[in-house]
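The two complexes that follow have subunit A in common; it is paired with subunit B in the first and with subunit C in the second.
Our next item is the complex of A and B:
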């Protein structure tokens, strides 16, 4: 328990430090800020004055504290490119990303675990070989290329699903499958190998000797032992999905956090980049913390 | 059976090696054979595979896709392999220091390493691009940083386990110096793990480079990155799908080959893992 409390406190300390680092890093490109707002004819003095006026010349730490104070009051600043209030953009973007991310997580475990179980249950059969090969391929296929292939097939050729944008359920299908693809492949592999590893444990021999049916051993005893570590690590999948969402949202024109962040970087819109990158840093850190705590709780041996 | 025979019987390793060699050869020879990747001819745009003079056809600007794709392989491999190689060396060093010295040094290193390790490579690369601008440099920095901590994390764990084993205790009791113990007794036991992991991390690095270039934050034109070629080609799928499918397929084969090599090496080099798996499979 003490280990967990320590871990939580430490994570928050590191989070504070890393967000400061990200904050400072984004200011390295500060020279471009003036280009987004001032005409090309502006003199060097004008640019310097502008930086002074918007507070970019203060020490980083002061700027960071000022920024956190503003964020605490709900003032997230405005976009440089279109002056939109970030606070009003944020709710919409976060909601959209949550929808897509949740759908992907559901697919990762909802498809990955049953397939991994099937492969382990029928190990070395044609079913196992095809599931395992598909999972190797699934981990190797770059998701932007997969996106392009599914759009080509299901959208341009068959016309079943829209290729981009956001609307009803139909718009969610292709992006969530692409976003989940690697996680599914990974979960299949993890489930399969965890189940096979548990199969070789002594308790399985004892269960067999005591006359339990194979199916009961699998679905009750082995499954429970195998799934705990996999599900307790769900937080790590969150981090992975955040990373891939940057690409997948951009491809499918899904108006979420990933898309606005990538566009912000491309357009050098630093208030946007600042807020949404800090947001993702927080989300990923919390996901990792959840994975760490979950894993400790699920493994009695690690609970000191 | 010696290692070489075992390697030859390892289907994944052989398949990975064959595919990897093919891609490597394409990357080395291609740019020499196919010539200038930037030469354009707007009237020769969107030619399909097999057009005379253009093995893979041409892109929207009439540039030779074969020349561009093979040069793209070079960029991809240089970024992923060389940076991961440096990361393996640095990560192993950091892991050795943390795992063998233990104490405060280990605690602090582990905090940082665990923290950074949790971040997805693509996010780190996007943040790096936000900081120093688009290009290959942010990708290189991100790959270097994330892969270094990933290796350091595992090496540290291995070292912790190994340094408690009898042969290390015996060497210590025998009065050997710390550097000698580390170099002669610990490093050889850590290298297989680092090697197996590095092939997986090369795969992740290839995907990260391609993804960043795909969204426009990686390699900048006229450099022909495979990810960027897919991005350019996706607007012309109906006209000439090869512009997007060929570079995508090349990335897929590259990543597939390094992951197969990783799987193969794991079975070959890590006897603990192999026996565990074999025991399970043979029931």
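Our next item is the complex of A and C:
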């Protein structure tokens, strides 16, 4: 109980600190907020007036305190670019990103774990060599390049999937694969090495001595033992996907949190950047929390 | 008993170690028999090959780097060495079961005692869940566990070393094997628990007519439970016979050395006679008898020709110049 309270308090502290970091970073990075909002013909006075209106002339700390006060009252602010209310923008963006992110997580574990198991079960065979080489490639290829590659192959050349935008399932395939690629590769390698490490444990010999089949030993006992390290690093995988979503959503024109955040940064749309980057912090924190809970549930030594 | 065919007959078993560019013989022509309803103790110091012998029976030796290079292990008219993977799996646990040294690491930490036992039952018997649970609970009771129902739902980390070793015994009992191979089952346990476990093994032999092959380095254990014993040294059996015969009239100088190195209650420390020298490394074994460099009775022949296991008196001994 105390542990949970401590955790929640820590999470709040983390959010506060990261909000300050984001707040300061975007303001100190230069750029001109008026360029996107005001017409090119606007005079220097017009621009100065606009800055004053939104409080940009005050010291950063004062701006930050004002911002916190507004957020505490439930006012997330409006976009500086088109004056849209962030609270009404957010639902749609979050929904879109959740679809893409969930698809990627499912791929990471749904493909990564079985492939890693197969590589371990048939270790040192051609199958293992192919899976392991592919996973090295998966880790080495940068996702923005992989994105261009799959668009060229599956959209331009073969025409199987659309290259960008959002619609039905077809639109989800390429971005989710690109988003998941590195996570799949890492999960394959981790599953394989965890399985092989557990294979040399004493208990495996006991299971064999009881007459259990190799399949049972691998897919029930060794797998169960190998899941622990995979679960414990699942939080990292979530963080990775959140980070890559910025790139992947932008390339594939996926109207989600990543895309709006990147555009927000480019236009110095402060309220947008502040809200959506904090949202990413929340997601990563929740991902780690879920991984922690999962680890506790999966490990009989920690379960009560 | 002598005209009956033995339950298990290991004949001239050789096991080699092959790793990158080296090749050694870990076991050289080991011959052992386990008769029905008897406890055979295999003794020797670390590295003499007693565990490899035990593991080879069920083909559980680490392969690679260990390979059986010759010999046979006859059980029920079949040679276990030549069995297919599927056929040896049918023998494991149901005909011959094994108990291992460190029960805490030998039990899968992620499953309950009950699950471990019932999946061992299901490996050999097509019975329902209820029946499997009943068999498992009975086995726990037979292994000397006081509250089987409670233990059934516990995980290995809940158990003490002694209880964990009893669970190992229960795991060996669920499919009612004829032979249990116990590889140093009491080494990791304290003396009181050790005595209880050994008593339990003796009772199993008596009540169920089982045979037990007990691997140990503890001569006290041998004296208290075993019927026959085999002494191993550098991958060979050097002496084999009834426990009383070997203890009363050891014939191999190594056996006399081992017995001389056992402390006796009330005896002074100076009564202990250590065996001089050290066990030769695998790559520096003498051409003749492998014990020659440490032996006070060595004759010329010992450095040139390796002795074979010969019947002498009531036991078998591998020596050119045996004691007595």
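Miscellaneous remarks
Note that the second predicted complex is superposed on the first by the 238 of 304 C-alpha atoms of A that agree within 3 Å, B and C clash if a C-alpha of one lies under 4 Å from a C-alpha of the other, contacts with A are read in each partner's own complex, and residues count from 1 in each chain.
Definition applied: a contact is a pair of C-beta atoms (placed from the backbone, for glycine too) under 8 Å apart; a residue touches a chain by one contact, two chains touch by 3 or more.
Computed from a predicted model, the values in this text were never measured in an experiment.
After superposition onto subunit A, the partners subunit B and subunit C occupy separate space and fit alongside each other.
Judged by the touch definition given at the top, the superposed model places A:141 against subunit B, while subunit C stays out of reach. When the two structures are aligned on the shared chain, A:22 is found in touch with subunit B, with no touch to subunit C. Of the two partner chains placed by the overlay, only subunit B lies in contact with A:156; subunit C stays clear of it.
When the two structures are aligned on the shared chain, A:10 is found in touch with subunit B, with no touch to subunit C. In the superposition on chain A, contact of A:230 is made with neither subunit B nor subunit C. In the superposition on chain A, contact of A:265 is made with subunit B only, not with subunit C. By the touch criterion defined above, A:221 reaches subunit C but does not reach subunit B. Judged by the touch definition given at the top, the superposed model places A:213 against subunit C, while subunit B stays out of reach. Across the superposed structures, the minimum distance from subunit B to subunit C, using CA atoms, reads 6 Å.
Only residues 10-11, 14, 18, 22, 25-26, 28-29, 123-124, 136-137, 139-145, 148-149, 152, 156, 193, 196-197, 199-200, 236, 239-240, 242-244, 246-247, 250-251, 261-262, 264-266, 270, 273, 277, 280-281, 284-285, 287-288, 291 of subunit A touch subunit B when the two sit together in their complex.
Within the complex formed with subunit A, the subunit B residues making contact are 111-112, 115, 118-123, 126-134, 203, 207, 210-211, 214-217, 227, 230-231, 234, 237-238, 241, 244-245, 248, 251-252, 255-256, 259-260, 263, 276-277, 279-281, 283.
On the side of subunit A, the complex with subunit C involves touching residues 201-203, 205-214, 216, 220-221, 224-225, 300-301. Taken in their complex, subunit C has these residues touching subunit A: 55, 58, 60, 85, 89-94, 97-98, 100, 102, 105-112, 119-120, 123-124, 155, 157, 168, 171, 175.
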